[in-house]
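Next up, some structures in structure tokens.
Shared chain: subunit A. Partners: subunit B in the first complex, subunit C in the second.
On to the complex of A and B.
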């Protein structure tokens, strides 16, 4: 078993009358699978999107997904799509260059990816239990 | 205009080499705020719209956190009938959270296991 610890700090001091400051830490001590890789995303259309994580490999497993568009150009978008068991696809995350996302996977759909510009690099990881 | 600073750190020892990642992003934002809401609907159809497609722009950051203290009391986030985030509860405010820039195109909906879970959430339009 391995341990995964994720900590999120949010601060915003100048939007509202009062500052916003939020800190959350999640720790999981039963992680058995996972890692982070960098991958060049070749497809540039939703129809050709590449399968990133397959629901069949993670059914009934709590899993946490990390995604980051490593490009420095904010115009080089990476799109993350959901694929439900019937095969219906929909975009749900749009990462500009430099943006990232973290979420506990719903385990009810597969995840696909395509890029605005071919060969944009996505850094991604999925951590789960058996 | 205002600035939202988000800092994510995570560490894992799942492989032979430990993984430690720290990423920070500063976003210039025009609208947003942090609020809590009881998610009373226990199915997608009865869920609460937390980010309406009609008023939320693509690229808006969504931040969600389950405040329930029971691990098995989930809050599920969905769009277009697909459940894509499943937030477990946790003791002392340590429930699951998520942060992501939305593509939009559909309402973002939250429903819960018991109908009593509190969701802390924010949308920050960049």
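On to the complex of A and C.
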């Protein structure tokens, strides 16, 4: 089993009277599957969204999802959708060019993706245990 | 307007034949609303606590500027004291004690859902924040 570390730094010095500074490191030592790939997202509508990660492959497994829109144009959006076991779909993340997301997957839905502009590149990965 | 900067590092030296080392920084310069707070989560799966109401954050439908960034951290030291993040009827994330998440919430649709949370152990502490640009 492999070790995976994810670290988040969040800072802001000028929003409040006091500055915001948060740093968190998560370490997992039992990762068995995962990796990061880059993929061109072709669909441009929610109805045609591509399945990115299937719930059936990760049921009851702790899993961690990384997503990043690699485009340099902030207007080239990538949408991430949930698909519940009944097939209902709903957008929940919108990544502008350059933006990223990281979350521990709730293991209650599959994940689909579509782009505002076809062939926008998504860098993504999912890390899980057995 | 304020600047919020986030940096994510992902590292693994022994999962693949080659090591993984990702470092991404995102700096957002038009933030006018937001902050971080600590809250005891008493909601349950059948009655989750509403943290962020979509209607409070929704303004510019379809605009790239309507993004709201969300931060969550389960501050509990017991990994099995879970906090779930629910959007609509779906628990999109399961935070074990000590775990964090960051996501740009899609608020661009007028029909988008609120952000709700619930804990497997009542009173588990959640550090959370939302950041938004002017007009949101």
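FYI, the second predicted complex is superposed on the first by the 130 of 130 C-alpha atoms of A that agree within 3 Å, B and C clash if a C-alpha of one lies under 4 Å from a C-alpha of the other, contacts with A are read in each partner's own complex, and residues count from 1 in each chain.
Criterion: contacts are C-beta pairs under 8 Å (C-beta built on N, C-alpha and C of every residue); 3 or more make two chains touch, one makes a residue touch a chain.
Predicted, not measured: the structure shown is a model, and the values here were computed from it.
After superposition onto subunit A, the partners subunit B and subunit C occupy overlapping space and clash.
With both structures placed on the common chain, the touch criterion links A:75 to subunit C but leaves subunit B unconnected. Touch criterion not met for A:121: it reaches neither subunit B nor subunit C. Once the two complexes are laid over each other on the shared chain, residue contacts for A:107 go to subunit B and to subunit C alike. Comparing the two interfaces of subunit A, the one with subunit B and the one with subunit C have residues 2-16, 20, 22, 24, 26, 31, 34-36, 62, 66, 68, 79-80, 82, 84, 88, 90-96, 98-109, 125, 127 in common.
Every residue of subunit A that touches subunit B in the complex is listed here, in rising order: 2-16, 20, 22, 24-27, 31-36, 62, 66-68, 79-80, 82, 84, 88, 90-96, 98-109, 125, 127. Only residues 2-16, 20, 22, 24, 26, 31-32, 34-36, 64, 67, 71, 73, 84-85, 87-96, 98-109, 112-113, 127, 129, 131 of subunit C touch subunit A when the two sit together in their complex. Here subunit A touches subunit C in the complex through residues 2-16, 20, 22, 24, 26, 31, 34-36, 62, 66, 68, 74-75, 77, 79-80, 82, 84, 88, 90-96, 98-109, 125, 127, going by the rule given at the top.
Against subunit A, the residues of subunit B that register as touching in their complex are 2-15, 19, 21, 23, 25, 29, 32-34, 58-59, 63, 65, 76-88, 90, 93-94, 96-103, 105-106, 120, 122, 124.
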